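First the structure, then my questions, so here it is.
Chain nomenclature is as follows: A, B, C, D, E and F, assigned in order of appearance, with residue numbering initiated at 1 for each chain independently.
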Amino acid sequence: MNTPDYTHVLTQVVDKLSDSNSFGGLFHQHKDGDPLPSGKSLYRIVELSRAILFPGYFGTPNLHTHTIHYHIGVDIEELFTLLTEQIQAGLCFGVESSGMATSDTPCRETAAKLAIQFISRLPELRQILATDVEAAYYGDPAANSFGEIICCYPIIRAITNYRIAHELYLLNIPLIPRIITEMAHSETGIDIHPGACIGHHFTIDHGTGVVIGATCIIGNHVKLYQGVTLGAKSFPLDENGNPIKGIPRHPILEDDVIVYSNATILGRITIGKGATIGGNIWVTEDVPAGARIVQRKNSQT
Amino acid sequence: MNTPDYTHVLTQVVDKLSDSNSFGGLFHQHKDGDPLPSGKSLYRIVELSRAILFPGYFGTPNLHTHTIHYHIGVDIEELFTLLTEQIQAGLCFGVESSGMATSDTPCRETAAKLAIQFISRLPELRQILATDVEAAYYGDPAANSFGEIICCYPIIRAITNYRIAHELYLLNIPLIPRIITEMAHSETGIDIHPGACIGHHFTIDHGTGVVIGATCIIGNHVKLYQGVTLGAKSFPLDENGNPIKGIPRHPILEDDVIVYSNATILGRITIGKGATIGGNIWVTEDVPAGARIVQRKNSQT
Amino acid sequence: MNTPDYTHVLTQVVDKLSDSNSFGGLFHQHKDGDPLPSGKSLYRIVELSRAILFPGYFGTPNLHTHTIHYHIGVDIEELFTLLTEQIQAGLCFGVESSGMATSDTPCRETAAKLAIQFISRLPELRQILATDVEAAYYGDPAANSFGEIICCYPIIRAITNYRIAHELYLLNIPLIPRIITEMAHSETGIDIHPGACIGHHFTIDHGTGVVIGATCIIGNHVKLYQGVTLGAKSFPLDENGNPIKGIPRHPILEDDVIVYSNATILGRITIGKGATIGGNIWVTEDVPAGARIVQRKNSQT
Amino acid sequence: MNTPDYTHVLTQVVDKLSDSNSFGGLFHQHKDGDPLPSGKSLYRIVELSRAILFPGYFGTPNLHTHTIHYHIGVDIEELFTLLTEQIQAGLCFGVESSGMATSDTPCRETAAKLAIQFISRLPELRQILATDVEAAYYGDPAANSFGEIICCYPIIRAITNYRIAHELYLLNIPLIPRIITEMAHSETGIDIHPGACIGHHFTIDHGTGVVIGATCIIGNHVKLYQGVTLGAKSFPLDENGNPIKGIPRHPILEDDVIVYSNATILGRITIGKGATIGGNIWVTEDVPAGARIVQRKNSQT
Amino acid sequence: MNTPDYTHVLTQVVDKLSDSNSFGGLFHQHKDGDPLPSGKSLYRIVELSRAILFPGYFGTPNLHTHTIHYHIGVDIEELFTLLTEQIQAGLCFGVESSGMATSDTPCRETAAKLAIQFISRLPELRQILATDVEAAYYGDPAANSFGEIICCYPIIRAITNYRIAHELYLLNIPLIPRIITEMAHSETGIDIHPGACIGHHFTIDHGTGVVIGATCIIGNHVKLYQGVTLGAKSFPLDENGNPIKGIPRHPILEDDVIVYSNATILGRITIGKGATIGGNIWVTEDVPAGARIVQRKNSQT
Amino acid sequence: MNTPDYTHVLTQVVDKLSDSNSFGGLFHQHKDGDPLPSGKSLYRIVELSRAILFPGYFGTPNLHTHTIHYHIGVDIEELFTLLTEQIQAGLCFGVESSGMATSDTPCRETAAKLAIQFISRLPELRQILATDVEAAYYGDPAANSFGEIICCYPIIRAITNYRIAHELYLLNIPLIPRIITEMAHSETGIDIHPGACIGHHFTIDHGTGVVIGATCIIGNHVKLYQGVTLGAKSFPLDENGNPIKGIPRHPILEDDVIVYSNATILGRITIGKGATIGGNIWVTEDVPAGARIVQRKNSQT
């Protein structure tokens, strides 16, 4: 083993793979002090946020009314430090990948300011997440308590990551919001783009396979089931044949809409208030308020 | 950075988030000695169970016929200790969330008795899991050995967690069964409610997106494919508009049924013995024994 | 607790579970020096491969042009060591489970030779993965840079694991390729069998629930959406009623095909060059080049 | 390897070593709920105490005046929980090893009360430790700052552990004080018995090999060098030939004494105020205040 | 930072440090399959041995009479595996460093046989260690129980490692015995060479700085205090001026000898039965049985 | 437990301990970006240096001639990064504790320059360490190979840390050199001040308790035994009664000196070339070249 021949092959492969012509865009060379956002730090940021938003359910398991502010204080301070660092990394990444001049490199101060803005939004985030917990509880006869919802239901992890990521998205921070929603995607199978707008009392039952696109607008009291896609039908190309960015291309779901499992709703269409979309169907046109759409009868052989 | 202004904002946010009016039901304050079940301990409980049920495949990798009982002995003892502790936590959680009087707080002895009852069921669990391995092997031409099935196939992880959780569910232990099936859900995309009843020789191919509801009854030799939903069509509300708990609302699948990918079967209907349900269809009515249902022809444009 | 009674029950259960008649094929007894492949080592093998293929994005975060060969050198050497060890374990497992004579037990030298063959293919793997990154970028208006694709998009993790596993599959290494693709399946919900053949510029958007069977043949510039199944319709049984192995039974997708979400394509059929398959449909017959198939209109109630 | 012969030998040895006649007092069988104190928890208790007493030097590295109380709050709460648990374990151990009746088993409430008493002493502990830091700083021309003393000097670790352990010793908690001073012994080579009484402004330079016995009384502003022993000369035996416990048998050092390296001072003698003991000498009689004792001249050959 | 200049310097230093002429004997190149013994594995071997010899004090904290054989069984099996592997590494190292022909490379079978021989000695090791615990207990008025001795007293860790190492030394295993006693040296400051012969009921109080040389012979019921050296006075050189190996050059201590702190006893002299050596003295000649030697009076200035 | 009363006490203690008047110099408040040097990073720096200086003995265990430069390259790069960061922390600490103006805060560029200067010295460090290994080997009849010396002998760890620390000391880096030698002090009981000057072929046998002061000058081929002190006798005080820094106050040992165990040599005296100092003596005056000093005869009682 590891005879001279093999060592020779190994060193040859190393040379080929280290050759600067071999990277094809797959090598990220960092400018000093400009590391990529760190998956590990972002994971910790999500853990801290969950602990702050749902004290006693995530993070330190034993909390008391009189000492909870110590825990939230320590968590908020760590969150501020990590978030400042990661936002800075995200801003640098955005500048680099946009090819902007380095003189415009965003500084640590901007990052700290943005981190503070995010942290100031946490009380509101907790309020809206409380409505999501309610929606999950009242929407599932199998649920026995709010606590069970918070501990077990994948929607809580997915919607929490989305709501965190959406706040960061609104602050124009690149890359990081998407990494945070992809963490929830991997954990729960629910893929919500941080750019989507989602009202209160939102829930998804089971959730695996749900996709919610970047320009979706979702009202209040909306409920989805597993496998639902709210996607784009197609997208216009620019003169170079590349997709044009930023065009509204995903559905609008008004208040009180229910979409059953595996339904696919595509394009900038509107599903009217209170409409019900049955499972396993393909919807590419507006649906009026209150309507109920189901799959055609199947054939028996 | 961390200028007085920022510190000021941080401490203000901490105060808001620690205010007892701000929790909206999202704060779990433990009574002393009554911690929530621990995800980490439950994960270890699943690891131990897998090691005991499939020796040599999970847990210690090198086992010999003459020394295996040392390993099973140590694992069973650790399982007993952890399970007693977690069952106690689960029982407390159940009492708290049900608002029952604290004088009824279940004690450690009850928990130990339930843990022993679960452990006594392990030999039977191993027998039925052996039939599930067989079903997966004979159902997939791509499988080369039982060993490959046990090592790689997501159904083995999902069905093992379900069969563990179902035993705990039958012992009326709150919360824990659901956490255990949700672990498999996150790992495999297969969501089986611990309340469902599932016969022997059960298998699911690929599995991502499968949902099996709490009141499902599934016979022997049943096979599902990825994306299949066995769900509730709707559920009656009580006088307060809340869903009524415990009503049978999910399908019954008799022996030898096959359901292809992405089919959605909803409501307390019966799919008769030996029936085949084609993919991507929406079934809300009984299907007779031996029938074969497929999606209507699509249109080509 | 742990009163004599309980200890008695525990030791009885241990005896039952250690009884050699109780295993039903679920016990893997290793011959000395023939451990099973290790999930932990294979996870590290995937980490190392990702770090070598996408330097700066995975693995060491801070790399410089002048020192990158040190890192690739160290990673390649660790990869060689681990891979030799795991391939040896995989070969032994294959021999054991095939019931071949032990005199044919494959030795460490064969494993090292196969590891070297795999490592020599890494430069080509990086080239084809670069085309997959391109395909993902140009196929999603929401993507802002190649870097974002590599960091966040699940397809990159899934396709990388698949392309690694496929190379090992072509070297006839048992078990390991499947474990590697199942790692990506668990992480992303995308289940690509290592036996499938997939051309360049391949991408899957969102991806949860996608299944690509063992005998699929996929051309260049093909794009799938979440929930798509490329599966087998049925499979012939041998005289004992067991599925016959190795028969082509999954679809062929020619170049430039697009398949929308939750479509199910089954059997050894051909989807012609440039065809578009709409979402939520069930396709079991050939589709001509350039055709566009969509679900029939739904009924509104 | 692991041929039947070896397995046979292994199982024989296991049987011998598990035979209840083979333990010779070396087996600790716990009554349920009465585990031994845990080295790992006590290590954490020391870490927490150091972080609370020297904020910014031990524990969280970045602290700010406005947020320090969050950190101290969280640390104190964890300290209280761990200490209660460990004190309870220590009390049980004391009861068991004293052969007292089990009906007197000390309960968790006593442990919590003692933990609170210890914690209430922390502000005084910090004050006296500040005098020790001063003494180390003014006693070493090589020291550049208080910070260097706290970060690097072994005496700080040893005296901190001793002062913590001494408080627990005064509360009559068995075993734990000794484990804590032995941790410092292993880390620094300084062995101070928790029963010793030591005044303020105490320091030891270098410290390896210092021994301070259980009944020593040390005044203020005392300085020792490495290798100094303050030990017992001999101890009276009881009628069974066992040493009688609790008799004062170690030296008294009055204020301002200096003892140079490797001096051995034995027995209940008094070293008078301001005396200096030279290195490498053996002292078994009182030394008057202000005296200076040195080793006799050596012979040159 | 990391400007081209610095990278240039770094790569230059790397080249110098990788140049095969630069190693001066400090580079260990392994033959394939011949790694050095691993400090981490040897640490685990010591942990396992302590857990087997002192059940309930080291290793698993909660043991019961009826299940202890499971724990000892699992520990013995892990010990056998690790020890076989490490003994093989030690034997290879011995062969390499002696420059013996590679055809004589010792094989895994020899290592397994030696591991079994060591393991068969464990019951006797436990018996003699029980006498050491007794000696420590009866020799210290500050000790409250056997349990306190086992948990806290450094001598127990040092003598256990020595007795383990001595058994391996008697089996002519190179390197490993010394690594094991050096672990205890670092942990306790007690340096006992694995070659020394030590009787039963041996103890050392406090222990820091004790040195016991390779050819010492120590009787039964001997007690040392901290800082005692049992060393070589000088050693004859061979014709090349190198020390001659293997000559008896350290003291013999007969039964019931006591040596007080910091005494230095050098050369192949005999300290007769029951003799007492006072602290801080330098002894290079025989001491008759029953004698009592103390340091000359010091001078007071 | 945790009854309101206890919580009340806990929060009161937290308030006292967070009060800015309570710190007495024991609180380190960092300016932003100016953390203290990290013990964990310095530990890693020592690990990396050992791996680079003794390849194959420390760090990666399996190295081959043809691939060793990859490993050294990766280690050097990590060393440069960590060292730059830690040197910067050390410089900031020095500035802060000296009370210098913040406008003089040393920048990252200075730190990188110093790190490069240190790294450039590594080849010379390896050469001189090779002489220390030789000295240890030829000085101990019990040693069997250079490899055994490097693996087991505490002097190698102590002298390596000292030689690293001394280089950093010569670059005027505060705090860090001392932390590095104190790590070795804790590990080996050998306390060498980084300011001491030590020639080649230096060794210490056993080593526990050795102290070598900051202004010692030690020639070539010097050998010490355990417990030797090379200390200061006394030190002049300035007008405020504080010790004056930087005055030569420790001994000079010329070439070929041997000092036996527990000897104490104090003050700025000179031990002449080739002199031998016997054990357990106290030397405060010059010793001529070639002389041999031993302890006076002891008295027998």
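Please note the rule applied: contacts are C-beta pairs under 8 Å (C-beta built on N, C-alpha and C of every residue); 3 or more make two chains touch, one makes a residue touch a chain.
Here's who's who by UniProt: A, B, C, D, E, F = Serine acetyltransferase.
Here the structure is a predicted model, which means the values were calculated and not measured.
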Among all chains, whose Cα centre is located farthest from the one for chain E (Serine acetyltransferase)?
A
Taking each chain's centre as the mean of its C-alpha atoms, which one ends up farthest from the centre of chain F (Serine acetyltransferase)?
B
So chain B (Serine acetyltransferase) and chain D (Serine acetyltransferase): same face meeting same face, with over half the numbers shared, or different?
same
How far is the middle of chain B (Serine acetyltransferase) from the middle of chain C (Serine acetyltransferase), if each middle is the mean of its Cα atoms, in Å?
25
Distance in whole angstrom between the CA centres of chain B (Serine acetyltransferase) and chain E (Serine acetyltransferase) is 52
Residues of chain F (Serine acetyltransferase) touching 2+ other chains?
1-2, 10-11, 14, 62, 64, 67, 69-70, 72-73, 77, 189, 208-209, 227, 262, 278, 280-281, 294-296
How about chain F (Serine acetyltransferase): which of its residues touch chain D (Serine acetyltransferase) in the complex?
1-2, 6, 9-11, 13-18, 20, 22-30, 35-38, 93-94, 96-98, 174-175, 178-179, 182, 185-186, 189, 191, 193, 195, 208-209, 211, 213-214, 227, 229, 231-232, 235, 241-247, 249, 262-264, 266, 278, 280-283, 287, 291-296
Interface residues, chain B (Serine acetyltransferase) side, partner chain C (Serine acetyltransferase) - complex:
52-57, 61-65, 68-69, 72-73, 76-77, 80, 84, 108-109, 112, 116, 119-120, 122-123, 126-127, 129-130, 133, 138-142, 144-148, 150-154, 187-189, 206, 208-209, 225-227, 260-262, 278-281, 294-301
Give the list of chain D (Serine acetyltransferase) residues in touch with chain A (Serine acetyltransferase) in this complex.
62, 67, 69-74, 77, 81
Provide the residue numbers of chain D (Serine acetyltransferase) that touch chain B (Serine acetyltransferase) in the complex, in ascending order.
2, 4, 7-8, 10-11, 14, 64, 66-67, 70
